[in-house]
Amino acid sequence: MSESVNASVIPFVIGDDGEAVRNPAERLHLAEAVRMAEAIVFASAEPVSEKQLAQRLPEGVDVPAAMAELHKIYERRGVNLVRVGDAWAFRTAGDLAFLMSRDAVQQRKLSRAALEVLAIIAYHQPVTRAEIEDIRGVETSKGTLDTLLETEWVRMRGRRKTPGRPVTYGTTENFLDHFALEEIRDLPGIEELKGAGLLSARMPSNFSIPLPPADPDELTEDEDPLTDIDLEELGLLTPKVTEE
Amino acid sequence: MSESVNASVIPFVIGDDGEAVRNPAERLHLAEAVRMAEAIVFASAEPVSEKQLAQRLPEGVDVPAAMAELHKIYERRGVNLVRVGDAWAFRTAGDLAFLMSRDAVQQRKLSRAALEVLAIIAYHQPVTRAEIEDIRGVETSKGTLDTLLETEWVRMRGRRKTPGRPVTYGTTENFLDHFALEEIRDLPGIEELKGAGLLSARMPSNFSIPLPPADPDELTEDEDPLTDIDLEELGLLTPKVTEE
Amino acid sequence: MAQAAETKGGTGGAGKAAPMDRLWAENEETRATSEPSLVVDVDGFEGPLDLLLHLARNQKVDLARISVLALAEQYLAFIGKVRAMRLELAADYLVMAAWLAFLKSKLLIPKQPGEEGESGEELAAVLQFRLRRLEAMRDAAARLVNRNRLGRDVFQRGMPEMVIVEKRNEFSATLYDLLTAYASQRQRQAISNVTIAKRGVWSLKMARTMLSRLIGTSADWTALDAFLIEYLASPEEKRTAMASSFAATLELVREGSLEVRQEEVFAPIYLRGRQRVKAVEVAR
């Protein structure tokens, strides 16, 4: 890229070979055809052949000339116009391929079951696994909870002060961030779910939706905080090594 | 495109304002950042936020400056860099719509009511369901809000800090993207409407009060009496006959 | 239904327009005798405010200069006409009519000193404001849909580039996904719970056990109903209890542990344990 130091910030190679030969009207015509071809190739889900381009561009356009022009325009950009067989497509410039892999993340959609459990945790927190299962009427697989913990939208918040001391689950700051909620109480209530058409208007009269706690970070009376030993047991903390 | 007659075939506007101020190393740095940003945004079909860009570009890059540069570069091309909220995306140029329409995907047609509700949410956001109904003077049918939420153009954004804490609705980034808006302030006519007091829930105090004509029984010059044809127009075109 | 009415009108075959014309004819003797009541389809309108806006536009002036009084009168005339024809209108429209009648009286009679409440002019201004606001939103919606739209006028990259996938997962879900999942799950669960809790069904097995136990204690003829009522938890269970018990009765009779008697059709059914040792055994 050393040439670009003395060139403009944008290292485009611009019409330096014989465009003057063309008359202005022809130049305008070609410039418009180049713009059109650019848009068509960009929007296409597959490489576009010159034949297809010829069909869509105004009549009389010199397609090979337009593509040669476009190719040159993109030659040193972050994206290049490349030939794929007898068709054209845009591709990330080879020297920038590292950008595409460096921050590559796999977009994953939550499963239906995971969404359900997440929603139950959000509304019913603090809630234990047994309680989630009670609400859903089906067993919740360990994988589902693990996935939710991985999203960092759900956390183990404490232990219920009941026999067996089951772990309680709740939502995190990240949850609020991701779902653009200012606070957990912003989750819509029963009337609003009905109003938005998400919940049937004819629910049984004893049906209710809990109001999440005002401050989800605060433990409730029947919760104990998680101790280091708890965390260790839950595999969330590596055992402390005694000093040597 | 008339300017381009005398310009190069490629009507790029290229660094003509104060780049000389930057030192060469800085310029090179920015040029590379621009290329990288170009590659990243070009590779994605969805808008890429400045935050994501900052994470992927080398440290210390002035992301807004790079994007401003890139925006200018693509200003008159067949593909434009557009701002969508605080994100960026490449989109085919609006003036080429005539050329692109054959690629159009079948879009879900929104009902008139749904469109009206969408407009109210867009212009009045954050807005509660009761306020929407007040503006329209009619109950929002089940499914209207549901449909809008499903398009992902509308979202529940929070709760109004009034008694009952009703849920408020607003638009999403998808909405901006879909309707080619940089931000909500770009909604057509929003400033005029605001100025006219038509975006407030209550009537502004300076709103003019229409005076009744001197003889209220007499129609004014620019009034026509209601005719039977009018009545027919008024939705009575399809009376349903039900037997009792 | 509609067809029946058309035929009655005697213009069958003239198509849909024919009954309409008759409906709106000034002279309505044909209607006077017809029996069916008509429900006006106001589907074309989004409520009374929409209707008012339509009427206001017919004044062909800027909404800011509209005569609210004239508008109120037009609306009332419309409602009056519709009612005279015994067309049924949604309550919303009648409420608006009542309010406009009130507004009209306020506008015609100047505010008396010391009178409570808003003046007619103030009320009229509120109505005018609402009409203008609604119209503004209508126009805004029209301008919005006519913008360059993604997927129709402008397009995104058709071939987004595949990125090399690293281990890191990024999850995405929208609030809508979340709420839909929650609402439908709770709904499903609530409904299935209700089915179990409220509509208990007596199984044949349950009925058999119950009958065997009961009849064993009674050597006298007893009406089936009497047994059942004694054990009915709720009136809703009556049908299922009756049906299952009767089926169980027949089974028990066939097995010889029960005797059944009925005096005549629909008369009470009497049961008693078979007067034998075997019956006692079954009863256990």
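Chains here go by letter, A, B and C, matching the order in which they are written, and residues are numbered from 1 within each.
Note that a contact is a pair of C-beta atoms (placed from the backbone, for glycine too) under 8 Å apart; a residue touches a chain by one contact, two chains touch by 3 or more.
Keep in mind that this is a model prediction, so the values were computed, not measured.
S.K.: What is the identifier of the chain with the smallest separation between its Cα mean and the overall Cα mean?
M.R.: B
S.K.: Could you find the chain whose CA centre sits the greatest distance from that of chain C?
M.R.: A
S.K.: Where the CA atoms of chain B average out and where those of chain C average out, how many Å apart are those spots?
M.R.: 35
S.K.: How many Å are there between the centre of chain A and the centre of chain C, using C-alpha atoms for each centre?
M.R.: About 40 Å separates the centre of chain A from that of chain C.
S.K.: If you average the CA atoms of chain A and of chain B, how far apart do the two points sit, in angstrom?
M.R.: Going by mean C-alpha positions, chain A sits 22 Å from chain B.
S.K.: Hunt down the residues of chain B that sit against at least two other chains at once, touch-wise.
M.R.: Chain B, residues with two or more chain partners: 42-43, 90, 92-93, 100, 103, 149, 155-156.
S.K.: At least two other chains touched by the same residue of chain C: list those residues.
M.R.: 155-158, 161, 163, 174-175, 179
S.K.: Under the stated contact criterion, what part of chain B meets chain A in this complex?
M.R.: That would be residues 1, 4-6, 8-12, 14-15, 19, 24-25, 27-28, 30-32, 34-40, 42-43, 55-56, 69, 73, 76-79, 90, 92-93, 96, 99-100, 102-103, 129, 140, 142-147, 149, 155-159, 165-167 of chain B.
S.K.: Okay, in this complex, where on chain C does chain A touch?
M.R.: It comes out as residues 155-159, 161, 163-175, 177-187, 189-192, 194.
S.K.: For a test of understanding, state which residues of chain B touch chain C in their complex under the given definition.
M.R.: On the chain B side, the touching residues are 42-46, 89-94, 97, 100-101, 103-105, 107, 110, 112-113, 115-116, 118-120, 122-123, 135-139, 149-150, 152, 155-156, 177-181, 187-189, 193, 196-198, 203, 207-213, 216, 219-220, 222-224, 226, 228, 230-244.
S.K.: Show which residues of chain C lie in contact with chain B when the two form their complex.
M.R.: So the residues of chain C touching chain B come out as 1-2, 4-6, 16, 19-20, 23-24, 26, 35-51, 54-55, 58-61, 64-70, 73-74, 77-78, 81-82, 87, 92, 107-108, 120-122, 124-126, 128-130, 132-134, 136-141, 143-145, 147-158, 160-161, 163, 174-176, 179.
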